[in-house]
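Should a chain be cited, it is by its letter among A, B, C and D, assigned in written order, with residues numbered from 1 in that chain.
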Amino acid sequence: MTVRFAILGAGRIGQVHAGAIASVPGATLVAVADPMEAAANHIRDTFGAEVRSIDAIEGANDIDAVVICTPTDTHADLIERFVTAGKAVFCEKPVDLSLARVKACLKHVEAAKGTLMVGFQRRFDPDFNALKAEIDRGRIGPVEMVTLTSRDPGPPPVDYIKRSGGIFRDMTIHDFDVARWLLGEEVSHVMAAASNLVDPEIGQAGDFDSANVILTTASGKQCTITNTRRASYGYDQRIEVHGASGSVSAENTHTARIEIADANGYHRPPLLNFFMSRYTAAYAAEIAAFVDCVSNATTPPTTGHDGMMALALADAALLSVAEGRRVALSELI
Amino acid sequence: MTVRFAILGAGRIGQVHAGAIASVPGATLVAVADPMEAAANHIRDTFGAEVRSIDAIEGANDIDAVVICTPTDTHADLIERFVTAGKAVFCEKPVDLSLARVKACLKHVEAAKGTLMVGFQRRFDPDFNALKAEIDRGRIGPVEMVTLTSRDPGPPPVDYIKRSGGIFRDMTIHDFDVARWLLGEEVSHVMAAASNLVDPEIGQAGDFDSANVILTTASGKQCTITNTRRASYGYDQRIEVHGASGSVSAENTHTARIEIADANGYHRPPLLNFFMSRYTAAYAAEIAAFVDCVSNATTPPTTGHDGMMALALADAALLSVAEGRRVALSELI
Amino acid sequence: MTVRFAILGAGRIGQVHAGAIASVPGATLVAVADPMEAAANHIRDTFGAEVRSIDAIEGANDIDAVVICTPTDTHADLIERFVTAGKAVFCEKPVDLSLARVKACLKHVEAAKGTLMVGFQRRFDPDFNALKAEIDRGRIGPVEMVTLTSRDPGPPPVDYIKRSGGIFRDMTIHDFDVARWLLGEEVSHVMAAASNLVDPEIGQAGDFDSANVILTTASGKQCTITNTRRASYGYDQRIEVHGASGSVSAENTHTARIEIADANGYHRPPLLNFFMSRYTAAYAAEIAAFVDCVSNATTPPTTGHDGMMALALADAALLSVAEGRRVALSELI
Amino acid sequence: MTVRFAILGAGRIGQVHAGAIASVPGATLVAVADPMEAAANHIRDTFGAEVRSIDAIEGANDIDAVVICTPTDTHADLIERFVTAGKAVFCEKPVDLSLARVKACLKHVEAAKGTLMVGFQRRFDPDFNALKAEIDRGRIGPVEMVTLTSRDPGPPPVDYIKRSGGIFRDMTIHDFDVARWLLGEEVSHVMAAASNLVDPEIGQAGDFDSANVILTTASGKQCTITNTRRASYGYDQRIEVHGASGSVSAENTHTARIEIADANGYHRPPLLNFFMSRYTAAYAAEIAAFVDCVSNATTPPTTGHDGMMALALADAALLSVAEGRRVALSELI
């Protein structure tokens, strides 16, 4: 069976997913929808898809699955429409910035017995998967501490920041998902600190650019997350997991695997500095996993529930910063 | 001028300092005191010092400086006695487990215009100093985030734990001092999480064995500290400092700089697994710095105030865990 | 312009090139020829090419270029036929195992004003290219010494060894080409040592499995090449270039960028252990470079002359081992 | 028993050995001899030794062992005098620049049943010892190939070059000794290439500054040695040993274990750039081993025979360069 796709939203991330669909066996891109004609035509010309309206895709018989890459405030509505229309749905995170709206949407998906996969591409990165596999085979014993370092090369435009829901809902949300994935036990409490060190405009927009979070589980496992919006040396993405009998870590990805030695010392190139080049393989593997779910009618590896839990952790972190206290996840979920 | 030393307390750390004094130009070890005759004799035989009583050392004309390596609950009293006796005093951390007692002791030292250096050997480690020098020369721009990873190879005996003041006052205290040294700005708030994952007996003794701490300063700088009492791979001591224009990190020290490649992959030896072998050079440099202060009548690089501040941070961390909230240092100092 | 391709020879390397052609913009795979029907059909089914005879491809109007992946002893004849037929030719190394035959073939290509690119994929590896770029921008000053380490995970079947022309013509030939590329000056003399340490059957077949070579140029630059047919830890491919003001090196590629620490030390996974996975990106870039040459009627980056020179160096190395002496390349070319 | 030492020659290396003797338990420095009064006095003042004449030391009853650090052309004579006088002798390499003179001297030592240790400090380096220990415990299987990279930070003065016996006898000689130590089988043949790339004055003095050597053993084991007199990044000292089931390598020693990341990439400090700082621990361990031999009347780990063999390999390399051929060691020994 070949899964026939439509992409809703032909922006930057839509193009990434179009490329992923083109490269995955068992998937074909049939249609694309975007109010921006030029963006839609670009996908049409590059990947041979038809440009259609969202309504036409909703009613089409030749579409099995949609990838939602539209602005965040349309995600929940589109998810509901398309599961109702019987399409399998892959939606970029987040489902919505409001936890209440997310809950309602997931209830709708459940009632419709729809298939919904939420995009957390880091779980599909080959190196992070190799790390997870070592944990799963017991190589480090029971997990005790997870350390996530996640630093953007530079801050997004302040306009984006304003619509993003803030650093915890936009950036840390990926780390929250990775933490849940690696801890192997649900997070119970959240403590967070946040400040403005990178750009005062971000602060004026009501957001932070530098943050640290401590997550704890009922059994006492702990996770720290370190975020900043500025790393001069590229897109810094590290994981370290400490267990009772060992640790495992995943290294960063440099632009080239070379080293120069000279009178000033030893020098390696900076890191890949864009999430799309850093996670190219992860995006392709993510779509392949979705195709696999649709073909075999199995549960997606990253569900709407995962999307909701990561958002709840973001809300808890924000509350912790505001009130200077440890926040129980049960206050929010 | 040669600084003439006596060592009070001939245990493990006393022997380290005796060796350091023997290796430092401008210092000579004259006497040692310890109620355990064998321990004192060992230093006598190895380094050629006389065994004397503490009282005799207090009144001696041939002693310029003492190194206090006795049990913690005697530190404050001995500091007061020996500054009153006109000796320069080097005291192993902590001055006392009670912040009030520390304050009183420091007041005494100040009134006596005494010289007091408190032992925080990590500031004298050659690699950590190289890291600090890069920060000081502006190599990474203004400091924004400090990440300290500090894991012991294994927990101390539970008996020791009971007398130690707990993980924050015994183990994290070194990280608190390093944080203050590197942040370049006083810490204003503390959040901490702690749990028992390594050994239930530690929990039964009222202490924790796994902890994470977030420190923040008034301007928004942040520091995270990760501690556990068990690291299968050795004594894990890492520092990473992130600044506006770069990061600098200090690596761990392995037992040898070799690597083996075989069918299972690439393998390097574990870390040095004892604080005395890991910090041998640091202990020697620390005593050399003290000798320098005494010879030149300058202020020690790590003072009683530093000892007090690190203890206050430990108390704040404990309070944060107990009350699940962000604790202001001003509540304690 | 789209370059229309046929592949001659549908074996392992033919499939690699078919995949490369499919992934390169401006190239399309039209036909494939192979006496083994199953192999040809596999490429047909995977990439949508027609199966044709070599004769049919030779006379076809819808083919601009051929990729020769047939057995070595057919290369020179096919090159001559297809340049005569006006096709651009990409041929896997070597052109022939006989230097005389190679010279005759190149004369034919020159007379026909044909386009011939010989496959030395390492020059197209992204990391090796990054290394070369640093040399070219003067980052290490004038090149003085090149050190090439090239170890296969395991020996090929002895049957293959017998037809391969031996370790220098089959394996070291890639290092000879890389040496010429990096030295920036033609090699003048060759010294080599070779022995049998891996498999006595290889010795019985008249070949070696372990070899070291020193190349020198007229101005005194030197290159060492270290080869063995067995590396337990994977496909070992390293380059180090030492210049007057610095060195630059390219690291190996591991199966994942993770590291595990446990009581036995620090462990990373072994290397990719197959040339096709190690050089996937290089093969694609190589075909892209060929497409570029054909489209723009420019000289290929790796020519028939390069193929001849690498073979001459292999012959010189063999002569050096046999006669125990330094061999001048001028004895052979 | 305490071994009572005299040092003959108070230059740079004499001072290193004086410091080593002072730090080794079971050894004491009694006397020093040097025609340069200032040099001898410096050792006297630093380490508390008496200044005496060589004749006085030869006849002294309070001296058990001498360390010969005088100019090379005096070594053989002094060895003979002092073994005759019943002293244990430690002599810096080489015994002499003439192989014939070395042979005669060793015959003398043997006849006198003297104790002679020749200084090859690299065998005592902690990292190289860790590497050797892995080989000895079978961790990489039978040794097949040894790769030695040895590059000086900068060339010595041309005046020194003229007296040194040339690059092979002065610099490569250490690598020849390490090769013999690690191959575990005597070298049978030598091929070498050498040129002038660093400094034309070195060439005018009849020497080379850049060299590569291939050593082979009867069973086919191979070793390559890469030398240059200039490495901008410090004193480059690497060993890699490849065996049937794995490889083991020893890394370089940097001035500090820190790394900086910035917009230009990742940066580590250069290497220690002087043999005395790089091999401080090795020199101390070497003297400790000699003290152990003298105390226990055992054979030294590096003997006069080792000195002779390394020199023979140097002579063979020189002959190989001159005649452009593989030289059998049996031609020289």
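As a convention for this text, contacts are C-beta pairs under 8 Å (C-beta built on N, C-alpha and C of every residue); 3 or more make two chains touch, one makes a residue touch a chain.
Keep in mind that what you see is a predicted model, and the values were worked out from it rather than measured.
S.K.: With centres defined as the mean of C-alpha atoms, identify the chain lying farthest from chain D.
M.R.: Chain centre farthest from chain D's centre: A.
S.K.: Between B-D and C-D, which chain pair is linked by the larger number of C-beta contacts?
M.R.: When the contacts at B-D and C-D are counted, C-D has more.
S.K.: Round to the nearest whole Å and give the separation of the Cα centres of chain C and chain D.
M.R.: Distance between chain centres, rounded to whole Å: 42 Å.
S.K.: What's the distance between the Cα centroids of chain B and chain C, rounded to whole Å?
M.R.: Computed value for the inter-centroid distance: 58 Å.
S.K.: Residues touching two or more other chains, restricted to chain D: which are they?
M.R.: Residues 231-233, 245-247, 261-263, 269.
S.K.: Note which residues of chain D are touching chain A in the complex, please.
M.R.: Going through chain D, the ones touching chain A are 231-233, 254, 261-270.
S.K.: Please give the residue numbers of chain B that touch chain D in the complex, ascending.
M.R.: Answer in residue numbers: 126-127, 130-131, 134, 139-140, 245-253, 255-263, 269.
S.K.: Can you tell me which positions in chain A touch chain B when the two form their complex?
M.R.: Its residues touching chain B are 144-145, 147, 149, 151, 189, 191-193, 195-198, 210-212, 214, 216, 219-222, 224, 226, 228, 230-233, 242, 244-247, 324-326.
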